[in-house]
Amino acid sequence: MYDEQSILAVKGAATHERSPATTAFAQVRDTTLSLARPLSAEDCQVQSMPDASPTKWHRAHTSWFFETFVLATHLPDYQPFNPRFALIFNSYYQGAGPQFPRHLRGTLGRPTCAEIAAYRRHVDDAVMRLFEQHLDRAPDAAALIEVGLEHERQHQELLLTDIKHALAQNPLQPAYRELSFAPEGETSPLRWRSFSGGVYRIGHSDPNDGFAFDNESPRHSVFLEPFALADRPITNREFLTFIDDGGYDDPRWWLSLGWDTAQREQWRAPLYWHPHPEGWRTFTLAGPRPLHLDEPVCHLSFFEADAYARWTGARLPTEAEWEVACADLPLDGNFLETQAFHPHPARQTPSNALRQTFGDVWEWTASPYTPYPGFEPWSATLGEYNGKFMCNQFVLRGGSCLTSGDHIRSTYRNFFAPQARWQCTGLRLAR
Amino acid sequence: MYDEQSILAVKGAATHERSPATTAFAQVRDTTLSLARPLSAEDCQVQSMPDASPTKWHRAHTSWFFETFVLATHLPDYQPFNPRFALIFNSYYQGAGPQFPRHLRGTLGRPTCAEIAAYRRHVDDAVMRLFEQHLDRAPDAAALIEVGLEHERQHQELLLTDIKHALAQNPLQPAYRELSFAPEGETSPLRWRSFSGGVYRIGHSDPNDGFAFDNESPRHSVFLEPFALADRPITNREFLTFIDDGGYDDPRWWLSLGWDTAQREQWRAPLYWHPHPEGWRTFTLAGPRPLHLDEPVCHLSFFEADAYARWTGARLPTEAEWEVACADLPLDGNFLETQAFHPHPARQTPSNALRQTFGDVWEWTASPYTPYPGFEPWSATLGEYNGKFMCNQFVLRGGSCLTSGDHIRSTYRNFFAPQARWQCTGLRLAR
Amino acid sequence: MYDEQSILAVKGAATHERSPATTAFAQVRDTTLSLARPLSAEDCQVQSMPDASPTKWHRAHTSWFFETFVLATHLPDYQPFNPRFALIFNSYYQGAGPQFPRHLRGTLGRPTCAEIAAYRRHVDDAVMRLFEQHLDRAPDAAALIEVGLEHERQHQELLLTDIKHALAQNPLQPAYRELSFAPEGETSPLRWRSFSGGVYRIGHSDPNDGFAFDNESPRHSVFLEPFALADRPITNREFLTFIDDGGYDDPRWWLSLGWDTAQREQWRAPLYWHPHPEGWRTFTLAGPRPLHLDEPVCHLSFFEADAYARWTGARLPTEAEWEVACADLPLDGNFLETQAFHPHPARQTPSNALRQTFGDVWEWTASPYTPYPGFEPWSATLGEYNGKFMCNQFVLRGGSCLTSGDHIRSTYRNFFAPQARWQCTGLRLAR
Amino acid sequence: MYDEQSILAVKGAATHERSPATTAFAQVRDTTLSLARPLSAEDCQVQSMPDASPTKWHRAHTSWFFETFVLATHLPDYQPFNPRFALIFNSYYQGAGPQFPRHLRGTLGRPTCAEIAAYRRHVDDAVMRLFEQHLDRAPDAAALIEVGLEHERQHQELLLTDIKHALAQNPLQPAYRELSFAPEGETSPLRWRSFSGGVYRIGHSDPNDGFAFDNESPRHSVFLEPFALADRPITNREFLTFIDDGGYDDPRWWLSLGWDTAQREQWRAPLYWHPHPEGWRTFTLAGPRPLHLDEPVCHLSFFEADAYARWTGARLPTEAEWEVACADLPLDGNFLETQAFHPHPARQTPSNALRQTFGDVWEWTASPYTPYPGFEPWSATLGEYNGKFMCNQFVLRGGSCLTSGDHIRSTYRNFFAPQARWQCTGLRLAR
């Protein structure tokens, strides 16, 4: 689109000369670039609802993040690209100055995508200088760069969910890009896997175990009653049974706030589903497509996930149950890296081992997003990253097909408001 | 006001002839009547905000509750007073038919207070017939009558908080009734009481232990880290220090949603506080009055309680911590029965024993209102009583000066939205 | 209701001793009293929408009007009943101090109806003293008393339309009082009466011709093209044809703003009409009743009146056309004094003389409410009475069955927003 | 920007071969193209408020207009560029199918600017074919093409006012393009020009007199009292006196609806004025700039214009007065063609002849926008062009510095809601 080159190309250095940290930085930054590549400047400008942001804003905000939290404090003589950009690209950090109203981000035609590309290059160059000066080996700087990369991976997912929302609202139903979808197949019946009760340890333990957000700590004990989890997420086929049983018309299954929301918003199916003479259709990043029944159901609010679970006589898992059950499972799955950009059907297996815990769809848990016992937010302004949102949000676990596989782990706590539907969100039953 | 007589008087039966259940019923119903007595018909009609209801609505709704959940199913040949009243006095029970929009309750001039008095007598008479026929000894009926009485006790508290809100909005600043306030006195410094960590049992255990709402069960295990609770609630004097330190202007102390709410609503102090040349004044059920600094701070939102706690470097207790700490404390305190209708200053004590845990002010906890593990809502339509509100609310514990002492217990879980301020809500610190 | 006595009774003076001005004052004030008499204190408290006011507020505001604009300036040593009442009962006079938010009037339980009755008596007594001291013969005072009486007549009509709205929203569909309706009858076919074009004079000419509001002056010339008016208002039967022809579903007939409003508010018929298995029903001050097809259609917005006219190929008259056509017609009709409280069917006549121009239903004109050339508002704060509303309102002419016959004249300009429907508003065609 | 060429260039035909109609078409279409040229694709995507539209939408909608109202009916075998574009580019014509919600126009990233450029070429080519086939000599087609060109001229002005609004909201305060402003100079004192009363003829008379919109007809008689108009519009200097006199704080000068709006929106000065340590600044299409005191005041709502006039003891002219006074004045002024894109100060003159009646700033009149007597909307769907907006709008006269000089005439009736401020709107006093 805008004539933008990969950092790797720009820097020209041979791969073997680069440190792993440099490589990681370059790869994350390049991924953002490649995700925006199928989009026109006009697409990158669009904000289709207050909760979403323009693609170009994501691209600039992630650069502002490095500028503000890494370069300004750790690179001597760093000159900001444009000091007034903070007025636009500070998302919500009160400690970093005023913020432009979120719902108006789409009204800012300037800076253009090309200017933002230059902004990114300016920041990339500065971070590269920081690497060259080995300043990244200072623990503080290294940690902050890592935060910046994880932050950018989060925005890569948001970039995709936000543009999907924008494209879906367009009567022309345009595609983000072509995709190849997994073939149809039979999903095995839902099986349950049991776990015994008792005191468990959850949460992230040790900085040496790798990166984690502040909200995943401290590691602590929880008492769990015996429980069981379904071996796979609920499929579209299963969710359709709920719809056909009048699930959206029966207040018995719904939380009061969920019922009010569903009535007011006239929800009749998950987001992006549309009735069609030949059966349900859903909107994907490749445009509209007949609903594939064996895929995990996606784009559910917490309210719908919870109502479905209650209708089956089961419930959603708590986040502690989920983490205990998944702590030792391998971190592989259908992530951003597969470039499927869409959930896969569950693979058939003979056992009741948990499947699709990572990737495909985020799984709503029954747990409101609260601080762990002894939670300490990161220091200074970065303390606003997670802690101040611990109210009226629910935790999701496991990542989705739009999450970078490098970004996820069993202790990871994603969170959204219970009415949010535009993320790749599904559910797994518990009992 | 409207020519209304106590059930006891009406029934005329000598006290020694009455069963304890009959007496309890008569006392609760009479209390509602006496709480409404200082109010004119016009006062009883007022709804000053969507969250509040008119006094007369409370009086009728509690009668509709007995009619619907006790009389209709357990008193043979019961004739409803007016079958169309359900269109107006069903609060939120989807299983009991449609509901009149809550925010318009104040627009219903009919039935009048006098008609509602007749409605109450009609219901009282029918319940008395049920007692006389010993049908209340049938376990189901007895349990439902008990639910109806606890329900009415809840509405007695709401009747008072709702009318306080209405009177406070009136430029004439009228009083509900005259009150005698506790004398000023010095509050002892805040002391901490420590509790060891480990697995504890919380929740209501056994129906034989007396009444509890469904949301208090089942009794279950929780793991707690070691913790400490303040020996008394925070006072007005202490909260003023937060205000004077710019607490309402500093986003560092606030949850994001709390900050947005406080800015939008222009909160500068707890609800009902008003600056005055001679110092802060607060609105009480006896009208405006200089702020008494040693009283527990009251009419705080969760957001303000949480911000205050963060400012001190402490936090709010979880509901499990609160219950563990208070489980064995005596259930006495400044309740509705004292007729103070206002929180008392803490009594001085030499020890750091927890004080004012029951009565005076509800204490916000850090716990979102969620189902206990294995929670089963009551059956049928009464299952809507508590369970469907388990979203975006926070638990409060301990009761207030407007709560009936007969209504409270250590397992009791009250819940309100984090922005709610019109209840008698304060805080106790934890760490 | 509240033990209230007529001024005439209170004053006890024999009728022959009273001046015409005294009698007029007493009669107007007594009419307000009698209109409120069928209502309970609870009814009088109700405000069913922001545009409406509680009965008791109308009763107090009209007294505040006399207090503020007559007594405060013309009765020496007048003591206000309660100086703080202005905080509540000042409607919209910026020059008279702050105003309590209009949409919250129904939340003010105090003063009670009884206190307002005492307030009225206090004001009545003071005005009577002013009469006794012959101060009313001072032209200023006399003029202001007359304004106060016309003002109170306006509020008498609003009192009725506001309580009708409140009763209509109540699922119990209660009546204001019993009414006897005119018998059914055939309406004669619509006939047209033609008027020649040219320069006409409209507006109120001369204070000696009797009272008029400032907005009716000055008398001035207008040029009119030849025009014709229908001899009677449109009936329910005629309006039903529009509905049955899909009038509410066809944007061709509607102004853009009207179409948007009708869609958003889901208008399918005039206000208070409800479909019923046995045909349309309408809500009257006597409760629900089958629609009488020969009555003039009532409770139309300007948008509906305009759409109906366009559908017929005709249009609404301008206010100048209406005034020219009606200037010489007798001022009789179905007014408040008939106590019908409901429009009458048109009487059959052999001629095409204009009928029902006065009374029955206000007639929407095509004229936005604007100042006449050379318009001068009344002086000082009373200048806010009419002039400041000359924006986004349309003129209605002729009075309704709820208007006092003493209040109306051919130059009278009533005005409401084009979406307003709760007044007794119908239409007469022009072409 | 997007590689777009002028029609003239594309067509390559020598000028002398082209008919005047062809030339006019090419010039208007090229003007739109040149107005968009300084803007990036991102700028063209922005919608900064519901009343505004993205630049690219204006470009496409004007093409859709030709396609729908000219080509579809008059060019045999015309193939629409994309039949689904009507879902997006139909503005408000109910007769032409459903409309995409106006306030969401900025959320449509597709079609891109480049696709819209292709769309325009497709339409241009088709209209050229129509010209070549001399079908434009058919009176219907010729008339419709003329409507299409006038329509596009209206959108040229909107394109500029909409992008000005978008740029002004941006904290970076970017410019549309560089401009050269008129030098400062002294404005002569306000002088009055008198007109005698009587019956005048206004409105557009005869199709042979050139194009006019349906709302300018029929020509008809009005009666006017003697009146006087100020010889020039009010300047910034004069308006500042109103501000400095507390005009925005004094409800006496304001219509009730205007006062409410000004308070709610916190108006303290005309739109785009900002206080600055060195005096007021205003935002122009060249970015922020010190306020030039001798320029006509611009970006006023009707409410502010009306309040200013009342404060001076004068009033706004009616549209009839304006037209009578200006009917014979030459149609020259500071229009779009001067490329000033900003109002000029009034030239000094010795006489009291009316100046700046055309161009510079639209002049609010006191006249609500209503149909002229005997008004007939254009037939079929084009009848929706003007007629359905005749409610709650006020008429403006004379055109502005952003209006094409070819587009304006003395009978021209522009109209906007009284709170609208983003057009180039000023005022001229009358008395």
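So that you can tell them apart, the chains are marked A, B, C and D in the order they are listed, and the count of residues begins at 1 in each.
Note that a contact is a pair of C-beta atoms (placed from the backbone, for glycine too) under 8 Å apart; a residue touches a chain by one contact, two chains touch by 3 or more.
None of the values given here were measured: they were computed from a predicted structure.
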- Based on which chains touch which, give the shortest step count from subunit A to subunit C. 2
- Task: Report the inter-chain centroid distance for subunit B and subunit C in whole angstrom, where each centroid is the mean of the CA atoms.
- Result: 46
- Item | Computed distance of Cα centres, subunit D from subunit B, in Å | 60
- Chain centres from averaged Cα atoms put subunit C and subunit D apart, in whole Å, by 40
- What positions in subunit A touch 2 or more of the other chains? none
- Task: Pull out all the chain pairs that touch, please.
- Result: A-B, A-D, B-C, C-D
- Item | Partner subunit D, residues of subunit C touching it in the complex | 92, 94-95, 199, 220-225, 251-252, 254-259, 303, 366-368, 370-371, 373-374, 384, 388-392, 418
- Complex contact set, residues of subunit A against subunit D: 39-48, 56, 84, 87-88, 100, 104, 106-114, 166-167, 169-172, 174
